[in-house]
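Below are two complexes that have subunit A in common, paired first with subunit B and then with subunit C.
And now, the complex of A and B:
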């Protein structure tokens, strides 16, 4: 194997971005849809873990990982729907329900997932985009999951749909002013419930990536807070699906900076490198915030900006 | 107004038979059970790692006659573990407890030990100190660095790039000792080998562990081992990338049929049996329990297909010397990787030496920093 030396760091970050970013991308797109309708679902961490477990279990039982992805989506859809329906009740706080759902989702997934820790389920296949290079490292870094490609397509499609379709406009209107939506004759609660369910579906699929592709097995520490980070990522991406994609790539890449630097021998301060994604977030938030206006792109009905 | 309810003979019979049936159950259990043992885990019992190693010993205990084992998984290192211990003692009647996680000891286990002076508390780790901690508490631990040394010998025989890798959760003495032993074993075969260390920062971070394997493979590392709670992800990712791996905690051979060389495993049953025997006979509780290969506290996984005969021969010879108890891993002159002498020439630290339990350096040849 050729010695890459320092080139290992950018290559590792690129490879990490492609490997690690997919769950961030799916969960943040899901949250993006939910928040555009004026609701927050903090429970996506729980939904993601549930999706990871359901996907792994179905892939093991059926032998087909794509059925697993489907099952993960369904599990996410069901939990998202639950959040949406509970929040339709009068005087229910969506943030509190979200925290409840997060605890319920992870706990329930651990409970049901007990028998699936040991067995080995079939994983999703990978596309190799690195065939042009003779370096095995480059080939390994450019192994791409089909789910990532679907996620990228979805991000751009969603960005277009939000601006250019009736459904997108209705979603944004419900999120910006429920009074206006009611005046136009739309059922605000129905739109929000559907948006939350759709968000849950995407988060579930994001979870199945964790258990079926990378790292590729079901364990209880699988998510380690990625779902929560993805929720924060939406605010960071200013509720724009395309920015969500860039932010997901950045988080993925920054997360692999620590291991990549240590592997070339930069060993001091690895705790700092491991904290790189969070430091980066803080820096960008500081650089772009303003005391004189609310966040650009924030839905008006969202309880955190109201 | 209120009608007087007359009790029939049938009612009386019902009550009496019900009560006697109830009293039968604990009475029967009492006659059968001589000792109830409680085992507490910080994670799932089947994690291919630390907890599984403990759970295997508990499962073997269950088969002994007269022993009842109560278990609880995923108990956090908070006051939760105190509640778990109390209910095992009060409700299940446990008189011997194995709280297996490092963070259970202080203050949780110490507090409960004070409250229940007749219960024996055996903690896994190296925390118990004579004179400082109560007599009904103690710690057990194994010299698994001996196995990591043997892992290193095997790794050196199959490595082509002469770069091996170690993924660590946290830079604490036990972990550093394993990493050092792994490299020193490899260097006993080929003194030019280096070991890349990557610290992930916590005991269970699957994505980061996978990333660590990937970035090491990209740098040419071709044999990997680790010290994290569950080596499952590390071994699986190594197999996917087509490199060799050595296991840790438990046997992970099933996860990597091609690349699994051998592994360092715990054999806690030895310790569990010893404590059970003492508890049954009423012998005093052994507070300080340590052992390595010789005492049967640790063991090696069976060799994988990829291990050449030369490696088996050399590793088996070293293992035989360790089993006799006269093999010294850490002896002078030994330098750390900053060039400082850590063990003077002529000095030999036996495995039982408490100085080794405070190891805070990486030996020459490890690329990394504490």
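And now, the complex of A and C:
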């Protein structure tokens, strides 16, 4: 095995970006859809963990990891729908419901997931983009999951759809001016419920990536706040799906800085380097937010910008 | 929920829109909100192809009436006949499929979407996937048939109020509505633009393409453009008839009825005095000075570009201009809502940053435009809103504690003095009508000795009694020695009130004149000078 020396760090970061970014990408795309409709779903963390558990369980039972992904999507859809329906009631605050859902989702997943901590379920396949290289490290780093490619395609498709399809424009209309949408005869609550359910579906799929690909097993500390960070990610991606992809890559890269440095022997600040994504979040927020300008692209009906 | 389910039309059937101007007859329409009767037995007939004006003071029920027609509020009783057939209009969708549309006073455009997206989405029959090249060609062809231009690719949030209003009217034309309700359509337009829009609307009516019902406060527009007029007072029909057969005095009589004029009119005498030509030669030092002030817009462009001006005590300086030329940002900088990029503001010779302490020390007060948004917290009570200037001072506060009794007493006193119509000092200020919100803010800002007064579009959307009252109060403040900066999009208002006029265009002051020797043509040209650029923004 060839020693890459310091080259191992950028390679590790790149590999990490490709691996770790996928759940960020799915969850942020889901949150993007939900927020475009004018609601915030803070429960994505819970939905994600629920998706991870459901995906792992079904994969174990059926032997087919793709059925697991499907099950994770359904679990997410159901929880998203629950959030959407509760928020349809009068005087219900979406943020409070989201926090409730986050706690419910994680707790319920741990409860149901107890039997799945030990057994090993079949994982999702991967293919390598590093076949051109002789180096096993490069080949290992450039392993990607088909889910990442699906996510990237989804980001671009979503960006296109928001400007070029009726449902995309209706979604933006509902999220930006519910009065205008009502005046056009659109059912604001229905659109928002569907958007939250769709967001839940994507978050569930993102969760299944955690348990079925990387790290690839079901544990209780699986998500570690990635669902919450996706909310911040959507804000600094300015509610633009393609930017969500770039932001997810950046978060993924930052998240793997610690392990990459560890691989070349720097272990002293391991936990500090692991905080890189969070530091990055704060730094980008500071750099891009301005007291004199409103957040460009923020849906007008979001309770945080109103 | 159930009702909304019915309204939901993801794939609406293409309604068969009428191809001629619609006639409309309302009989015995009544609408109550709780114990409050907003409309009582109102009957109005609007002939096809006519331009029908709906006059009335604030709170007279005009908005309620038209909202009943377009299905926003279901009426408690009464019928609507469209072209002689009785119709049940239960939702805006029902109204739209009959060819009835409305331009609301509050904009209904989606701010983050571009003008083109807004227009296309306003159609019921948007295909699942949009072919933008085809839509663009359609829009371009449509734009050739209308007498004004708007930037199709700009998000609506970046348009000035005047431009938004144009897009709203455009939308109705684009949707081929045959009965169009306009809620004060010209309040944000320059007189020339207003004449142009109303002339065009009237031309469409003449040609039998559309029937227009227009809510307005301006007699000039009624006499100049309307065929018929109906007047509402306190929810009842006070009179109606052909405009040609009525004088403005008769219409005003129907509007006001035999009601007493609100209190505060006692200041009229001062106002009359103040509006007389004053002794010239005020050599007093300027009280408000702007020096090369630059203020950026929301998108970081210089909206106010190196503006310098000076206002002396006892003088009203008017700033004229088409909306969206930097007036909003200028006022925001002066009242402390927006930090200037560079340059300085001086009050009484010292730099001024619009902090609360400085406002108090220099006695700077303001009447910003859209007072509910810029000067009030809608969900707080009238009394609390009225106390924003002095809630933390004696007698409303003693040390750490607020004294609610004193606050309520102050509010009760001002409600009486300024004739604010409210359920009481404890009502949320957001529930008041526009004129009464403005009166409440006036009370808060003008019940003190005022040294500098910043005023922006103070009578936007108000009825004529409120207009006269607010103008009188501004003149009284001037007579008492205040330096008044009056920003208005209504040139007549500026000519009536101000001593000196400057014209702002593209964020720069392009013209200055004494009002007495003002040349309207020159002012108009300066206002419009760079207007064309402003409207034609490249994609």
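Convention: the second predicted complex is superposed on the first by the 298 of 306 C-alpha atoms of A that agree within 3 Å, B and C clash if a C-alpha of one lies under 4 Å from a C-alpha of the other, contacts with A are read in each partner's own complex, and residues count from 1 in each chain.
Everything that follows uses one rule, which is that a residue touches a chain if its C-beta (ideal position, glycine included) is under 8 Å from a C-beta of that chain, and two chains touch if they have at least 3 such contacts.
None of these values were measured; they are calculated from a predicted model.
Applying the stated contact rule after C-alpha superposition, one finds that A:184 touches subunit C and leaves subunit B untouched.
In the superposed model, A:276 makes contact with neither subunit B nor subunit C. By the touch criterion defined above, A:233 reaches neither subunit B nor subunit C.
In the superposition on chain A, A:147 makes contact with neither subunit B nor subunit C. Residue contacts after overlaying the shared chain place A:259 against subunit B, while subunit C stays out of touching range.
When subunit A is checked against subunit B and against subunit C, the one touching more of its residues turns out to be B.
Of the two partner chains placed by superposition, only subunit B is touched by A:221; subunit C is not. Touching subunit B in their complex are the following residues of subunit A: 1, 3-4, 8, 11-12, 15-16, 19-20, 110, 114, 117-118, 120, 137, 140-141, 210, 214-217, 219-222, 224, 226, 255-256, 258-260, 262-265, 267-268, 270-271, 274. Subunit A meets subunit C in the complex at residues 88, 163-167, 169-170, 172-173, 176-177, 179-190, 291-294, 296-297, 299-300.
Partner subunit A is touched in their complex by these residues of subunit B: 43-44, 46-48, 74, 161, 196-201, 204-212, 214-221, 229-230, 232-233, 236-237, 240-241, 254-255, 367-369. Put simply, subunit C touches subunit A in their complex at residues 1, 4-5, 7-10, 12, 91-93, 96, 106, 108-113, 117, 120-122, 124, 126-130, 132, 296, 298-300, 338-339.
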